[in-house]
Amino acid sequence: MVTNQIQTLKLNLWFGNNHVLHDVSMGVTEKKITAMIGPSGCGKSTLLRTFNRMNDLIDETRISGKVLLDGEDIYRSKADVTNLRTRVGMVFQKPNPFPKSIFNNVAFGMAVQGKFNRSQIEDRVEKSLRDAWLWDEVKDRLNESAMSLSGGQQQRLCIARALANNPEVLLLDEPTSALDPQSTSKIEELCLELKNMVTILIVTHNIAQAGRISDYIAFMYLGELVEFGETNKVFTVPQDKRTEAYLTGVFG
Amino acid sequence: MTYRRLKSHIGINLLRLCLAVTALFLIAFLFRIFSKGLSVISWQFLTTPPKNSMTAGGIYPALVGTFWLTVTSIGIAFPLGIMTAIWLNAYGKPAWLVRIIRISINTLAGVPSIIYGLFGMALFVNMLRFDVSIIAGALTLAVLALPMIINASEEALKSVPVDFRDASLALGATKRQTIMRVLIPTALPNILTGTIISIGRVAGETAPIMFTAATFYSRRLPNGIFDEVMALPYHIYALMTEGTKAESQVPIAYGTAVVLLMLVLSISATAIIIRYRIRKKRKW
Amino acid sequence: MLTEKVTELKKKILEMAALVEKMVAYSFEGIETGNNKYNEVMEYEQRVNRLEMEIEDDCIVLMARHHPEAKDLRIILMIYKINNDLERLGDQAVNIAESVNIVAGNPHNADIPELSSMMDVTLKMLHQSIAAYTNEDVENARLVCRQDEIVDSYNRRITNQLIVLIKENPLQIEYYLHLLRITKNLERIGDLSTNIGENTVYLVQGRVIKHQLENTDREN
């Protein structure tokens, strides 16, 4: 049996009295793209944010069950959250580069870790920008503000910034919903390339996007993981009536 | 012309009138001060102490005094204010404590400045035995500037998009690193704006320093922060209320007013330039 | 993304077409030489069937996941149909090979001299239709469609000849029936090649030329 890189076991999550995730047990395969789909408020983004513990920032978050990364519970009492977040990178819905130079954006993660010298940082910045298909566009203006980039470039910069930490897993929270179609397809193609080096989890409202790029589909509804399976199967013959209804646009 | 267009026409002209009245006041005010005061100003006026019971001579000690009072008070209030704002913004727990602190700050902001003077005298001059001194006055002025700086800093911190904080934390930064490397640099231009305003206020206040720092008349410079000092606003006050020779004192008062005005304006201008430079590098 | 997947699919269908063309050629070989390649045909049949299922699956998944449009849509739809035609062509070849097992090397083959001409024409049609599809060559695709008439007339003539022969030599009936079956299958190969030609025209130009639709269009 192939062990999953991420595995949730009977994961439940509450915001105050609001029970957001119900008994989610899901495995994520290494170096594949898993798309999480479902109607708004189904808990897919919340589930994504449990993988790098970003939900911790919200007051009164409670969790039961387990989230395993490489077999280790990331919610165990002595878990190092900052270390976890360097292993599990994240890109957000709206491109959010810091109001700093392009270089300093990408170097940020390494700078806060404080264990790299200048030349290591420079090398990694270049590699990350290349991996995010941005190097040729920015190599002559690394010291310019990241805010001078276009929306699509900013989002790729955010991907490069996450990659600079050498993560095992990359979480993408609706990464293209604020972008135009061209930038969107560029990022989709980039994802297909990146899955050679990282495991990708992507939350998307765009069913077609999930179809185009994912290897696995997790369909969430009302905080439950309704269906999980290979995209080829889920998109042609879904097992659950609710998945069928969502994919055919009956609700959502 | 339709009724609606007429209405908007009247509205716009009313606004223009208001603007004109305001501008008129400002121009009249500046004109009066400058026309009466400018003739008094000379290099000598700026660099020599007063003579003959303030009926002649310059304002050098007052200029130096105001400079030190302002710098010291902002030097105290600025870090204190930013740190308070950061605590309120990023840590701020428990909620009841935050509320009490907020209420205190807002109340402080509404207190008349003469009360600060009395408070400063009671606490710094008498209780802490700083005597009438730069430090006592600067501390009093700092208390006055604090609510302004805190409020401005908090607003500035609040206006930093939460996306930046999330991005920083998601990259493995600690909360402290996020504050130091993302939150403060991003909010700094707006924090400086708030501070600029408070610098102007602090330099121009008379009441808080009356009992805490300012001396009526001194021919020498202060020996240190525990020495009393002359200050520009208080000097104007003294010139206009004390003494016997109005015809020679009033022009000096106007000259002092011009200097004070120029001082405040140039402090503001410097800060605006700094802020502009930072903003140019960090726009989002 | 889609382009790469479609290219992959095209490769598969061409691989399948090559197999089917070989199957048909093998099955024909036996009639003339008596050296039947039944086993080879059956082995190819297995591979063709596997490929058919694979291609069908790929088409469905591509449509479900990528929502192809315009040319991409026509390519995938036509691959889906040609896939079906090719699989049937394989079946025809198997049928022929089965009958050849019985008629191979029989001297009575000489009774039907037109049979080998018919085989030549159908094999050429099949080859041309696949070539036309591969090159998206509308001209040749239409040419294939027009040749169907020739095959049909061969079919009619040979059938009539066989009826006469059966009446004359009732003892050879089994043998003649197999020749009839071969003829029937050759005719089907012509039909399926025509289908491929028609589908090629639709693929390239988006025009339906089946059932003489195009002719009526012109007259109107």
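The first chain written gets the first letter, and so on, giving A, B and C; residue counts start at 1 in each chain.
The rule is simple: a residue touches a chain if its C-beta (ideal position, glycine included) is under 8 Å from a C-beta of that chain, and two chains touch if they have at least 3 such contacts.
It should be emphasised that the depicted structure is a prediction, and the values quoted were computed from it without experimental measurement.
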Innermost chain, taking as reference the mean of every protein Cα atom displayed: A
Most distant chain from chain C, judged by the mean position of its C-alpha atoms: B
Comparison of A-B and A-C by number of C-beta pairs in contact, larger one: A-B
Geometric centre distance via CA averages, chain C-chain B, whole Å: 93
Rounded Å distance, chain A centre to chain C centre (Cα mean): 50
Residues of chain C whose C-beta touches two or more other chains: none
Interfacial residue positions of chain B with respect to chain A in the complex: 161, 163-164, 166-174, 177, 181-182, 185-186, 281-284
Parts of chain A lying in touch with chain C, wherever the complex brings them together: 188-189, 192, 208, 211-213, 231-232, 235-236
Sites on chain A touched by chain B in the complex: 52, 54, 57, 82-83, 85-86, 89-90, 92, 94, 96-100, 108-109, 111-113, 145, 147, 158, 161-162, 165
Residues of chain C touching chain A in the complex: 1-2, 57, 60-61, 64-67
